[in-house]
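Note that the chains are named A, B, C and D in the order they appear, and that numbering of residues resets to 1 at the start of each chain.
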Amino acid sequence: MSWQSRFEELITNKVFEFFIIFIIMASALTVGAKTYNITPFWLSVLAVADIGITVIFITEISIRFLATHPRRDFFKNGWNIFDTLIVTISLIPLDNSDMALVARLVRVFRVLRMISIIPELRILLNSLLKALPRLGYVMALMFIIFYIYAAAGSLIFEDVNPVLWGDISIAMLTLFRVMTLEDWTDVMYETMVVYPMSWTFYISFIFLTAFAFLNMVIGIVVNVLEEEHQKERDADPDILHLEDVYAEVKALRALIEKQQGGSSGSGP
Amino acid sequence: MSWQSRFEELITNKVFEFFIIFIIMASALTVGAKTYNITPFWLSVLAVADIGITVIFITEISIRFLATHPRRDFFKNGWNIFDTLIVTISLIPLDNSDMALVARLVRVFRVLRMISIIPELRILLNSLLKALPRLGYVMALMFIIFYIYAAAGSLIFEDVNPVLWGDISIAMLTLFRVMTLEDWTDVMYETMVVYPMSWTFYISFIFLTAFAFLNMVIGIVVNVLEEEHQKERDADPDILHLEDVYAEVKALRALIEKQQGGSSGSGP
Amino acid sequence: MSWQSRFEELITNKVFEFFIIFIIMASALTVGAKTYNITPFWLSVLAVADIGITVIFITEISIRFLATHPRRDFFKNGWNIFDTLIVTISLIPLDNSDMALVARLVRVFRVLRMISIIPELRILLNSLLKALPRLGYVMALMFIIFYIYAAAGSLIFEDVNPVLWGDISIAMLTLFRVMTLEDWTDVMYETMVVYPMSWTFYISFIFLTAFAFLNMVIGIVVNVLEEEHQKERDADPDILHLEDVYAEVKALRALIEKQQGGSSGSGP
Amino acid sequence: MSWQSRFEELITNKVFEFFIIFIIMASALTVGAKTYNITPFWLSVLAVADIGITVIFITEISIRFLATHPRRDFFKNGWNIFDTLIVTISLIPLDNSDMALVARLVRVFRVLRMISIIPELRILLNSLLKALPRLGYVMALMFIIFYIYAAAGSLIFEDVNPVLWGDISIAMLTLFRVMTLEDWTDVMYETMVVYPMSWTFYISFIFLTAFAFLNMVIGIVVNVLEEEHQKERDADPDILHLEDVYAEVKALRALIEKQQGGSSGSGP
């Protein structure tokens, strides 16, 4: 038995898979544990655990790489590239004070390996990502609405409160806040002192974004329902269709016409 | 007539059922009344009522137990176990000052008996609980999103506000608050003073969770609609199917072919 | 031509209807105008207008009453009773200082006549009210959840903040606030100082109510969709059903069997 | 080749279209850039760019006008009128200090040309606008609810807080805030000090508007689903219908009846 097929057997083994999931969970827990104030003893335990996890991850990805045939196919899978990157970057020594934060954040992203290793989560994420493009034009329309209101807002309200309306990017952040309805009246009452009619600005913006958002949601619901409907129809090719009944009746008619032709032929 | 069948008759009696519902309501009212500042006279009235309610509950559950045949089946029903537990625990004398709160809380849970006694509420709760497992993977994905953002947040923002970002569990609570859009800008503006780009952290988190939540809702809607559709089709076996028409046409064809064979056989 | 049929003609007249809608709008405007600080001149104008509106309303309802045949049927219609009540109560002189507010509020409710006079709004309101009963059990379940959390909350948190958790009714109002996610963290952070684990109380409550609310919404959507579906099927009795095709094929078979019987009978 | 057909060719040219989209984007960027504090050098660059953009827009619209045949049809298209207006108004010299803001705002609206130039966005906006009328009566009902609550609110609560309940228009703004659940408890707690039962006012208002809003959303969803369903049925006239099978069976029966009549006729 070749090394490659042994490796292939190993990575499809359920025990191996659960072991890797357990290691990713351990990795997530060490990341979480470091956010608490812990004693130096536990800090060194975590450091050792971290080295162990890194070693296991390198071993696992190497096995995966060696099991793939041909080997260049390994990097055709986006998740493999992601796993390799996450593990490779965590190898770079970044523990001087400036980059320690970056090193810690890279370890946080290891938790994302949970998605790459559990097929159901991968499918779920893919279906989420697939839904994004069909939102494209609604997103573009929303961005145009935001841009116009932000430009108008920062032109008119800049002197009222430069912290909220200083320039167009800050104004867009303020408008996102208004869209989420988070303390939007505080923003409004402030500008209404200077411009008493400025409530029209906020109410029209809230109506526009709520309406566009609602249409987006309804669009997704209708799309998903139709896809399900289509999938159901395609799924079962053995199901009886109206076409089958039609074909049968047609055949019956041909039979009778032939018989009639025969009987009228044999008549005289 | 045996005792058992008399008890069975009693617990299926409508008057008995309404009496028990009335007692549970009285139990709920005594629980509510105790939260007000009441005179010692009414306090003693409530104490007497409490003893009466406990006695009636014990009697009722005993009757239910004795009416079940065989008796060990009584504890196969989750609601029976729940009822027995609630009533039994409220028998333990816990009125010393330390445990008085626990004793009172146990009496609060008696109100839940309303669900165990009214079949429609029981069905509703069951259907709610049945919907939970299909949310499993979306919940897992959401938890991973929360965990990563909480780990990153508590690493980066710990020094800005340890009350909100002190460790990973506090950070998850803060992120839940941000997800519900409750004063999330207060949290953001605070960290933006130190990290001006930290708005990306919040906006991306809100988008991710809103999108995952939306997909969860749509998933449930589609599932429920399909189940209803399936139920409708299964509900009425007498309904005419395309298959029946097909079978009839097939039979007709066989008849004509036989006739044709017969007529050609009788021909010469 | 009798008086009754003349009145009947009048109330079905479009011009008359638009005139009454115009008067209701005028009535709404006078109600609105009184909320502004207006000069004594305009106050007296409004008082005159008010008398005029009342006179027109009395005349209109009298005509409606006289046009109904038999007259006791007039009060079988809930909207007629509502109109009569609103107009009658506004006749009672309540202008002493104590009851002036009540007199004004009664005039506010005249605006509701807009719903009783426009059929489309009446239909819309009826369909809204018809949707309420099917929410009955979900509402009951939600009330039980509220009651239990409110009882537990006022028992545990009363000493932390009696303004929010003083008794069970105040606690239910506080919980309604938490359900609408309005500054719920302020409520939570306050109790977490004394009971650090009290976040479980709020998070579980938000999850439960959000989940029950979501199921209520989905339930309504599914119900409405099914009703539409049913209505569509019932609406067109001329539509071709599978049953018709089946009957036709059956008849065809009977015909052929008769023919076959006949031909075999006439055979020898 | 005539000038007109050359212009027609030009405006349907993809390169020309992308060039105009690029210019609109540049126009949007200059609008955004002006909201920042920029050096005089960049201010003059923006002024030059502004002149260039205006010139290009005039040229483009002139070409569009000249390419239309007959020319009066140009102004039958609403988007053409919109484009011409936006460009014409930005030609008026408004740079004195009083009107500078208006001049800047007109330039902001140029960004809306993005919608008039990209067909997909135009279709999306049209479908959004088409959905509005069917909301008409729900909107009217909501307005009546708002008007009555605002009138009642400003009558009762005016003395509590004239800033929120001063007159009916301010009260409607306050109620809109309550509907969005934005710090609605602050409004409520304030009036509960004077009128302890005023929570009924807010809770009933929130329930009414939430319920009306929910019904509006469900109405839209059902409408959209039905339209899609109808569109699907209409889209494919070649699809086999039950009617076709029915007609075929009918024809078959006629054939057999004729044959039978013929055979019984030829019998004797």
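The definition used in the following text is that a contact is a pair of C-beta atoms (placed from the backbone, for glycine too) under 8 Å apart; a residue touches a chain by one contact, two chains touch by 3 or more.
Since the model is a prediction, treat every value here as computed from it, not as a measurement.
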Chains touching both subunit B and subunit C, listed by label: none
Proportion of interface numbers common to subunit A and subunit B (over half same, under half different): different
Angle of the C-alpha superposing rotation, subunit A to subunit D, to the nearest 5 degrees: 90
Whole-Å separation of chain centres (CA-atom averages), subunit A against subunit B: 28
Chain centre separation (subunit B, subunit D; CA means) in Å: 40
Residues of subunit A whose C-beta touches two or more other chains: 181-183, 221, 225, 242, 245, 249, 252, 256, 263
For the subunit C and subunit D complex, residues of the former touching the latter: 28, 31-32, 34-37, 101, 104-105, 108-109, 111-112, 114-115, 118, 120-121, 124-125, 127-128, 131, 173, 176-177, 180-183, 217, 220-221, 224-225, 228, 240-242, 244-245, 248-249, 251-252, 255-256, 259, 262-263, 266
Interfacial residue positions of subunit C with respect to subunit B in the complex: 137-138, 140-141, 144, 147-148, 150-152, 154-156, 158, 166-168, 171, 181-185, 199, 203, 206, 211-212, 214-215, 218, 221-222, 225-226, 242-243, 245-246, 249-250, 252-253, 256-257, 260, 263-264, 267
